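After this come two complexes, each holding subunit A, first together with subunit B and then together with subunit C.
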Partner chain A sequence: MVAVLIDGLVLGLQFGMLGVGLTLVYGLGGVVNLAHGQMAVVAAMVAARLMDRGTATALAVAAGILSVVALGVVIDRTLMQPVYRERSEHRVLLGLLLMLGVGFIIDGVLEWRYPIEALSLRITGGPVEVFGVAIRRGSIVASAVIGVVGLALILFFRYTTFGRATRSVIEDEEGARLCGINPGAVRTVIFGLSGGLAGIVAMTQAMTSPVVSTAGVGLTIFALIVAVVGGLGSTSGAFLAGIILGLVNTLSAFYIGTFVSSIILLLAAASTILLRPEGLLRRA
Partner chain B sequence: MSEPLLAVEGLSAGYLGEDVIHDIDLTVATGEVVCVIGSNGAGKTTMLRSMCGLLPATAGSVRFDGVDLRRLPSHRVMRSGIVYVPAERHLFPGMTVAENLALGSYPKRPDPAQLEIVYRTFPRLQERLGQNAGTLSGGEQQMLAVGRALMAEPSLLILDEPTTGLAPVLAQEAYGALSELREGGLTVLVAEQQVPLALELSDRGYVLDHGRIALTGPSSELATDPEVRKAYLGI
Partner chain C sequence: MPDRSHTRPPRAADLGAFAPIALAALVLALVPLWAGDSRSMMTVVTTGLTFASYAVAFNLIFGATGQLFLCVGALAGIGGFGSVIISDRLGLPFLVTMPMAALLSGLFGAALSWVAVRRSLDTIFTGIVTLAFALSFQSFVLGRPELTGGENGLQVAGGADTLLRQPVEPYYVFLGLLVVFLVVYRVIQRSHVGWAFRALRDDDAAASLAGIDVARYRILAGWIGSMMLGLTGALFAHYRGFVGDTTYAFGSVDVRVLVMLAFGGIGTLLGPVLGAAVFTVMDELLVDQAQVRELIYGVITVILFLSFRQGAVPALTNAVRRLVGADQPPPREASSADTGIG
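Then we have the complex of A and B:
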């Protein structure tokens, strides 16, 4: 039982970080990045290809993450520019459709070129005993990585000048402009950061189970559910939602079955929209 | 005579291809307080927004401190020494008063001496530093909007209807704070419907009517002008 809970927590932290990446991009520019999971998989595939060719693991992981940071920046600077010129619903719909297209393209290319590629990062060493339960070392490292990155993110948004500027654009774009902040530049940086976070999630997943080239759609859906439950635009909300949904997912998969767990996840998301439309942590 | 701090010449601007303001000429010299008065819909906001690059101008020039502002995007204008406070304020409601003030000095870190000036002008803000901006009263929000603008240490503060949504007593109070800032040497351009308050505060004024400058002169003269008295002072 405790082991299942801990598995759920590890998964939840990863969900949370996926949701944060999605929620930031949405909050800043109204773009629902439906290729978010696919970007994570791109990072994994870049790392896997490099490791196949004998690149050192650490280097391959770094290159994988940086490649999706670059991908995020390029998408923002090119495809998303016409989106940001639109307003309200038009912006959301255009952004959503374009990113759906990007997701299709990534999925298509991966399925065509690397149908059986997968990334596994083996963390050596036996299980570690926590609260009397043996936990895989990979799970511990994965949680530690997400925990450190998550904490760094929270501190970044609360205390740094650029982090505050990012929040100000989410709160009121015109107000940010009045303070001398360039919302376009903030969006570009954060789209890159969001890509990087997706990449980090892919690497931590690979520490416990292989990340296959077709995993993208599933990850996108999880990210979307987490972002909706946490409240679009809220970082800590996304983390909280991720942890709750990770636990729900793992517990229901363990006691009932994997198929049912996705239905329960969607039910959880739908009831949040009905009961707390502003997200878990938002005041109405 | 040297060039004024702000020199607007022949400025026209509007929405959807239709000009709302036409051929505006206006200057503000360093140390001056200048007001633009006019009724609702006269084009005051359009004029201020087009000066700051928030709305593209269709003709004319805006020179500030020797720089042609029409070539700059609005966020660059706000870093050049002008700060614009719109009537809707555009605060960051989910962030604290302290964070709102800090963002005013972006990209620099807030200067403690400047914070001191803001606290002295608006002691209420200092009492509410940890509170979210969205929970402030209307009057406090207006103080925060001006306070945030001051954090940029502007050489020209542009205010659009600072009394919007304020009860008469609070409007008086807001103008009290502005006259304190004026004593401190701040250069101000203020657009206002509350004509008596604006004329009392300012050195010079412009009367905007149907998108054109109808009249200009020292505020004391405008206050005794029969046309102005009839149209805006209700006398």
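Then we have the complex of A and C:
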């Protein structure tokens, strides 16, 4: 029981981190990044290819994460520019469709070149006893990494000038511009950051189970659900939603069965949207 | 990216409003002349017509009233699985069970619409609630194999030994269905309901202040569109003789329908037909490059949407001319005439 709870918690933290990346990009530019999961997979594939060639694990992981940071920046500077010129619903729809296309492209390339590639990062050492329960060392490292990164993110948005600038653009783009903030630059940095977060999630997932090249769509859907349940644009909301949904998913999968569990997960998400459309933490 | 070209004054000749449909039907009716010899080719074009019908229904829901239903496949699947299960289990003729299943789809669609309207969900939230519904439906199909056949799918008895299993005849059945849908769409567009749709799509607050019952019209669109989806899905099931977990999956239906409609022109009469035609041709051209198909699909999607910058339909009409060139039959002329541009 405790082991299941902890599995759920680790999964939840990963969901949460995915949701945060999605939610930041949406909050800033109104772009629903439907290629978010695919970007995570790109990081995993870059790392896996490098490790196949004998690169040291740490280096390969860093290169994988940096490569999606770069991918995020490039997408923002090129494809997303026409999107940012649109307004309101048009912008949302155009951004969504373009990123859908990007998702196809990434999936298409992966399916074509690396259909059977997978990344696993083996964390050596046996299970660790926590509160009398044996827990895989990979799970512990994974949650530690996400915990640290998540904490850093929250501190970053609260206390640094750039973090505050980011939040001001989310609140009111025009107002931020009048205060001398360049929303375009903030969006570019955050798109890159979002890619990096996706990459980190992929790396932590690889610590407990292999990340395969076709995992992108599933990750995107989870990220989307988490971001919406947490309230689009809210970082801590996304984390909370991720943890709750991760627990719901793992517990119902363990006690009821996989298919029913995904229905329960989706129903939980749908009912949160219906009961609290502004997200878990946002005041109406 | 709704187009705003429907505010033109009503035409003097009522029949003229239906001319684009007649023209498109005529062109499509000629397709079996060159595809009729090959059974596999007929399957391709008949499936293309099925997608055109899905896209017309989706256009009524999304294009006309701005509700992003990402459960096109699920609603069609309720019709498809529903009709197959009722007809094969209870031994009812499929001509009876298809409308029953379509009503069931309509019920689900109206309920989703009702929820979205009651909670005043915007485009993205409607999209995500309906996406959750679509994925739940998929899990249900896989998780209840005693009903749906699960991963193995179901062989469909209803419709066997009828003209639906002939090589060429089903094409005309689907063409008839598509024409009926287009006429329904056009009739709605030209009625007071159509005026209400346009008003609430452009600005639902203003429409509501002008005395339009926004909730009622949105639900009406969701209901009619979903019945169309259910009926199409059911007919497709009886035509193919098999339904499986991928027949109505999000990835195989919704994504295609969305891209087809966005390509053809959201909120236009013949946009869905044009989009379905172009993507059917493209799929057929790429059939030997299965490995890179998704990649090419993605590249084309990105290029298409980038060229929409100045507003959908004008850029789109040009893009279509450039992309399709000479080997595409002329529904696009009808479509551009229909939207009052070009």
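FYI, the second predicted complex is superposed on the first by the 284 of 284 C-alpha atoms of A that agree within 3 Å, B and C clash if a C-alpha of one lies under 4 Å from a C-alpha of the other, contacts with A are read in each partner's own complex, and residues count from 1 in each chain.
Heads up, the rule we're going with is that a contact is a pair of C-beta atoms (placed from the backbone, for glycine too) under 8 Å apart; a residue touches a chain by one contact, two chains touch by 3 or more.
Note that the structure is predicted; figures quoted are calculated from it, not measured.
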Looking at the superposed three-chain arrangement on subunit A, would you call subunit B and subunit C a clash or a fit? fit
Figure out whether A:L266 sits in contact with subunit B (first) or subunit C (second), or with both, or with neither. second
Between subunit B and subunit C, whom does A:A3 touch in the aligned arrangement: first, second, both, or neither? neither
Which partner does A:R164 reach: the first (subunit B), the second (subunit C), both, or neither? first
Included angle at subunit A between vectors to subunit C and subunit B, based on C-alpha centres and rounded to the nearest 10 degrees: 90
Figure out whether A:V133 sits in contact with subunit B (first) or subunit C (second), or with both, or with neither. neither
Determine, for the superposed model, which of the two partners subunit B and subunit C contacts more residues of subunit A. C
Just checking: does A:R177 make contact with subunit B only, subunit C only, both, or neither of them? Give me first, second, both or neither. first
Report for A:W112: first if it touches subunit B alone, second if subunit C alone, otherwise both or neither. second
So, does A:V74 touch the first partner subunit B, the second partner subunit C, both, or neither? neither
Working from the superposed arrangement, determine the closest approach of subunit B to subunit C, counting only CA atoms, in whole Å. 14
Subunit B residues touching subunit A - in the complex, by the definition given at the top: 54, 73-76, 78-79, 83-86, 89-95, 99, 102-104, 106-107, 109, 148-149, 152
Subunit C-facing residues of subunit A, complex: 32, 79, 82, 85-86, 89-90, 92-94, 96-98, 100-109, 111-112, 217, 221, 224-225, 228, 232, 257-260, 262-263, 266-267, 269-270, 273-274, 277
Seen from subunit C, its contact residues with subunit A in the complex are 1, 66, 115, 119-125, 128-129, 131-133, 135-136, 139-140, 142-144, 251, 255, 258-259, 262, 291-302, 304-306, 308-309
Write out the stretch or stretches of subunit A touching subunit B in their complex. 161, 164-165, 167-168, 171-172, 174-183
